[in-house]
Amino acid sequence: MKLLNTAMPSLHVFDTLESEVRSYCRSFPTVFSKAKGYRLWDAAGNEYIDFFAGAGALNYGHNHPSMKQKLLEYLLEDGVTHSLDMATEAKERFLERFRSVILEPRGLSYKVMFPGPTGTNSVESALKLARKATGRSTVIGFTNAFHGMTLGALSVTGNKFKRRGAGIPLHHTVSMPYDGYMGKDSDTLDYLESYLNDSGSGVSLPAAIIVETIQGEGGINEASIGWLQRLEGICRAKNILLIVDDVQMGCGRTGTFFSFEHAGITPDLVCLSKSIGGYGLPMALTLIRPDLDIWEPGEHNGTFRGNNLAFVTAAEALRYWETEHFAQEIAAKGEIVHRFLLQLVAEYPQLRGEVRGRGLMQGIAFSIPGLADEVSKAAFAKGLIMETSGTDSEVAKIMPPLTIDEPGLAKGLDILRQSMREAAAERDTSGMKRESK
Amino acid sequence: MKLLNTAMPSLHVFDTLESEVRSYCRSFPTVFSKAKGYRLWDAAGNEYIDFFAGAGALNYGHNHPSMKQKLLEYLLEDGVTHSLDMATEAKERFLERFRSVILEPRGLSYKVMFPGPTGTNSVESALKLARKATGRSTVIGFTNAFHGMTLGALSVTGNKFKRRGAGIPLHHTVSMPYDGYMGKDSDTLDYLESYLNDSGSGVSLPAAIIVETIQGEGGINEASIGWLQRLEGICRAKNILLIVDDVQMGCGRTGTFFSFEHAGITPDLVCLSKSIGGYGLPMALTLIRPDLDIWEPGEHNGTFRGNNLAFVTAAEALRYWETEHFAQEIAAKGEIVHRFLLQLVAEYPQLRGEVRGRGLMQGIAFSIPGLADEVSKAAFAKGLIMETSGTDSEVAKIMPPLTIDEPGLAKGLDILRQSMREAAAERDTSGMKRESK
Amino acid sequence: MKLLNTAMPSLHVFDTLESEVRSYCRSFPTVFSKAKGYRLWDAAGNEYIDFFAGAGALNYGHNHPSMKQKLLEYLLEDGVTHSLDMATEAKERFLERFRSVILEPRGLSYKVMFPGPTGTNSVESALKLARKATGRSTVIGFTNAFHGMTLGALSVTGNKFKRRGAGIPLHHTVSMPYDGYMGKDSDTLDYLESYLNDSGSGVSLPAAIIVETIQGEGGINEASIGWLQRLEGICRAKNILLIVDDVQMGCGRTGTFFSFEHAGITPDLVCLSKSIGGYGLPMALTLIRPDLDIWEPGEHNGTFRGNNLAFVTAAEALRYWETEHFAQEIAAKGEIVHRFLLQLVAEYPQLRGEVRGRGLMQGIAFSIPGLADEVSKAAFAKGLIMETSGTDSEVAKIMPPLTIDEPGLAKGLDILRQSMREAAAERDTSGMKRESK
Amino acid sequence: MKLLNTAMPSLHVFDTLESEVRSYCRSFPTVFSKAKGYRLWDAAGNEYIDFFAGAGALNYGHNHPSMKQKLLEYLLEDGVTHSLDMATEAKERFLERFRSVILEPRGLSYKVMFPGPTGTNSVESALKLARKATGRSTVIGFTNAFHGMTLGALSVTGNKFKRRGAGIPLHHTVSMPYDGYMGKDSDTLDYLESYLNDSGSGVSLPAAIIVETIQGEGGINEASIGWLQRLEGICRAKNILLIVDDVQMGCGRTGTFFSFEHAGITPDLVCLSKSIGGYGLPMALTLIRPDLDIWEPGEHNGTFRGNNLAFVTAAEALRYWETEHFAQEIAAKGEIVHRFLLQLVAEYPQLRGEVRGRGLMQGIAFSIPGLADEVSKAAFAKGLIMETSGTDSEVAKIMPPLTIDEPGLAKGLDILRQSMREAAAERDTSGMKRESK
């Protein structure tokens, strides 16, 4: 990797013309121009390793060669680009591939809905359908959940800052404690079950429970297999629909195509987006248990629910899932990351880091305020892009493309180690910042 | 145009695998494969003229050559595809172009927000910001408005069927009568003003009023210039923010880039999507009066708010707006359509059609139930794709790409005439269906 | 009447110990001690004529002799005072009397519910039952309506100041324009009907419409017979329940026992309180069309729903309704008031008064801000208690006990005339206050 | 006590004319005519001991002699009966007495609000003021709480059956687990505190927390002193208002005037009703920390907020609180009840009873479904009126007037013992009903 160019590109246009709401361009203050696989280059020619992967939208890396090839061919032959929900060959092929590569081998028989091209659209559609199918209005979500920014999805999102952005109270939802929320010795489903069993609890029988198997934005909180299975059991017993929001954790991020496969559960509804398009193009799916597919035609719609360029790359991306090989690869890389992080945390005990996560969704949670941001900032200066998460940005997140090769992974992890070392050097053994800085 | 192939492509995959919510593939039951300009071809080789234009997302036609060229170049050189809201060269170029081609010549100084790639995202962001900026919660929308399918946008949408799909009551909004709602002799803003002026009206001072200058989905209801100006005046007097949802009517559909230009009003917030990307790729903007841009970084976000492929084609699409020429062209074609429709309606008085709309958003409203659908169906059988709108699908809508040439326009209108003739033949002079059919 | 004692009783205890929310003790700043019929005396011995009648809770005057006698007897013999909704002899007698004196002669077959002892309890119970019976959630109320201060009743109340007091947004209700709201030439039910007929109006089919036949608190706005009948017709046609809130207008205030009798309509639910107890004791009823009485036992309850002292006086009060005599008397006195007010308004054209109301619910609406309050204040100084109403307190309200005799009525009206004269003297011919004051 | 008359009074009038919502007249199916102290008589002359005390509204017994005397005098001299919130001598006297007897000796400086005459009115006013004073909308209530039946109060009530009666979703509230809800080893405030401390919990900082120190309707669930103190501490630390709903537990029911005195906490707002009027007459207070008394005049109002007959008896009732004697008496009787219940439960281990409560709010919770109702029914047949509570009516409640004498108490408890014996006789050692019956 070349040294970072000191003459960084100017952000003037963004600073003057783009809304204050812009965010990542503040953490990664350069202007990017090209990208390939796990690498990005900015306009000044600096190269960056990507441990962020479009927040999970680039599991197959940037500008993947075979998808790019398919895309170019499709464009050149004037394939239909935009089609609302009219039938197209590109969509047909995606549907067929999704059935044969993903659904059938897993014994799943979901109907596929295209709810609009973003994760929040998928969540909104799942909540609507759950309410319609059950005739109930409450949906239970979990502490520190993140499901999206439109009002319905925001109502089941935990983050106070995001919720407050709604400008109105968010209703029809109840926030229950996620696995581990009350400490390791407490099974939080005891609370949930008490509320559901007790007719004096003040909580109505919900239409659905929506859950992420790992809460990425919430701080890489991982639900145990036992907890997920018990949750499914509660849903079955009470006739509550179980929605898994697999927008970020799906498409292989945790090691399997669906993040819930390892737990052996079968949600009634599944939300997919981000990497489902393969190439970083806007696309989302809602998977529906067939008997719940009681939508009227057009009851939920959207202009971009038929993004054919995404269908083309999405169909190609599914090649990765034709054999077990890719899952094994992710597991192996996940293991490398895990071992590395454990060692790193042990090296700097004063930084009080805790390793979290699974597959290629891992990270270090710091109990020292501000530290994750310091590490992330130091990493960027050295050419590594990595995000923080958690409501207090307390977690440094490792989310490379799943396709990253081992040298790339090693290089990125090495920068992380250097960044940690710097952060450690600025703090004394109690984790306090040194005065002399 | 070749005759329609009798062996239509099978919809089997869609019928068995896609959710019941699918809609347009039922009205236009074939599988499309290619598209160019104002024409589409299905998998059996049938050709169709497009008077639908992706519900307004394809104002520049399908696979526009120069945008396609830019897109291919960008892909070939591995330009960044997906970037969340990091700064990229593609985005920078779009912002610069948007400022110099659109904002500056019109004396507008909006800040630009990328709220996620769909219209409903833009509406949600505008509602949030209006509520945040004013500290008020109510938003006033209008009868027969359509603003989107996520909960916030749905709350200001009039359509009962769509609203019911929410599965929960929709709040914090009041529906006021759109221009013409109470008949031609009544200025509906009298109602609005009474409610706002009277401290006993039961309606709070709203954060914002959201309006479409023409209600496309609502049945091509057009607000008069005077009404729009009075509405702006009320907003100014009461310190209510005025939001124009220009998702469908913007980008030239009504003859000018923004649909409100002819009325000389300046909204506080503008929602743009659909054709802003130029090539039918998911993209949306929210334009914000600079002093209202009080977002915290990341307070509203979304995975696909940085769709660089769309930025590339969007920047190219703005070429159309560098001179007055394009607007003049739309006006001329709009005039052709208008004259044609007036004549057509006069030819078949028993069908009781009423010509509505402006620019290339025109249509015929029929007071005979089912007729617009019959006409649309007949047109499809003859190779013309056109949609109906209105809550009872009572309006046959003419929405070709703005770039359609006159022969194409003439051909499409001719099919429309034939379809009207057929519908007329099936009905007697009172508009009733003939028994013998 | 003796002259007002200049040494007015001190309000010190109230000023220091009672909440700032106290209100009428500010308009009528004395300490009352005794009352009889239409007269009140304060602790300093000043006598007042009551043109306020407990805001309609004292239609039979203060401490009515025969009711007092029944009350004393009941207390002396240790009749049950408090009984929740257990059966008591006092309640049984009231029910029998209410059926034979009120319901049967009018051909009404309502079931009687005791929802708690206040009007707002009755309104809450009616809204609950309407929602339960129809399975719908929206309730339509009217501009300037007043139905009570608990959250459900407040949601259908128009007054902005009262609504804001809720501290939260008020939902599930829509405010439609009351008769006359858009001027004399506009039938506001056109507006209501448009919203109900149009599936794009943004307003759902409501569970119920709640209406006052005259809006007392809202400023003595009277609905015409035609309007009420058309409203009933709309409700029947759409299967919407019609609730008449007769809390203030019922029990003879407008001339008949129910205020809707003259219009010949039959509401599905009727709310009664205030004067139903006869003696000013807390009591309320909800009358229910028998087939709508689908409550589960105890589904709505309340500690004071069985106020037996009120049942005793309520049963006695019904004597007034055994013949036509009382209604005729009210009509005669109403006529006296009406003629007087018309004349008074004519005498002082510069005060721009408008006579409103019917029966013994009449008043003068002034278009000059503050004038009604001035008149009311002047009247109090002369020994007349009268309230203002309307959202801007623009109406001086004449609401004596229905049992007032003609001398009392004349005396009160005379004070009103003097008060008007004073107010007129302080204003020039344009209604402006004179400088020299 | 005379034997129960076999010819019970007919309920025909109630069965045919009163709404199906009637409830207690089904549990106690007779027609009551007279009452004195802790005894009631029905129309057939049967005598009943009252262990129900108007659900807490008759703490001083029925028709208390000295209050009755005051009431008769007041009526005879035509004291003002109904006064809205005008100042009256009766109200003045009550306020003075309340200050000198209740507030001052306890070092409390509350302002006194008269919110309307029922507990639910008081709760609604407290919620409104808490929201106004903090500018926040959420209120936290607890599982199995009961606060009233109007929409605001119902929103913080736990009971599913009552909540469902609303017919609409209940919002702006969160239900947290009451003390003991998660078993004896779990401090439920850990849960509450986690939610409040975590900015990702999905629960906003609330305006207020509303709590009963013992949940009467919820099943006699008692909060520990430590729990209440910790709750107060959390409120103070977070600037959340603490509302104690003392409607049922106040006025001495638990042994002290306010039920929270023993815990040494000072709520910001206190709701009082039921026995505050002394004689079972409708009356309610809201006590307000002086600096929170930011109401505008009339911002909350109500027709019966000035029930002077209740003021008269309420002032007299306060005599009981002039010395320590009454509290000692309640404690002594509470001890008798407690010992009796413990013994009784021990006698019938197969009935699996658990003694709950404090002062003269005690009861037995049965884990055998239906048993509490059986006991209550058997007791009524023997001349004892006692209610069940808990969401599944699982608790037999002992709530005599506080003024009951020891012979009365003994007689009632003896009937309870007989009723338990009968219930036991009908069940085998496992608690199952015997077949042969």
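Here the chain labels run A, B, C and D in written order, and each chain numbers its own residues starting at 1.
Methods note: contacts are C-beta pairs under 8 Å (C-beta built on N, C-alpha and C of every residue); 3 or more make two chains touch, one makes a residue touch a chain.
Just so you know, these numbers come straight off a predicted model, no measurement behind them.
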Touching chain A and chain D alike are B, C
Residue numbers at the chain C-chain D contact, same meaning over half shared and different meaning under half, come out as same
Chain centres from averaged Cα atoms put chain C and chain D apart, in whole Å, by 31
When centres are defined as mean Cα positions, the distance from chain A to chain C in whole Å is 59
By the touch definition above, chain B meets two or more other chains at residues 137, 161, 168-169, 171-172
Touching chain A in the complex, chain B uses residues 9, 11, 13-14, 17-26, 28-36, 40, 43, 54-58, 62-63, 68, 71-72, 75-89, 91-92, 95-96, 99, 111-114, 116-121, 124-125, 127-132, 137, 148-153, 155, 161-162, 165-168, 171-172, 207, 247, 273-274, 279-282, 286, 288, 293-304, 307, 309
In their shared complex, chain C is touched by residues of chain B numbered 137-138, 141-145, 156-161, 163-164, 169, 171-175, 177, 181-182, 186, 190-191, 194-195, 198-204, 218-219, 390-392
Contacts from chain B onto chain D in the complex sit at residues 168-169
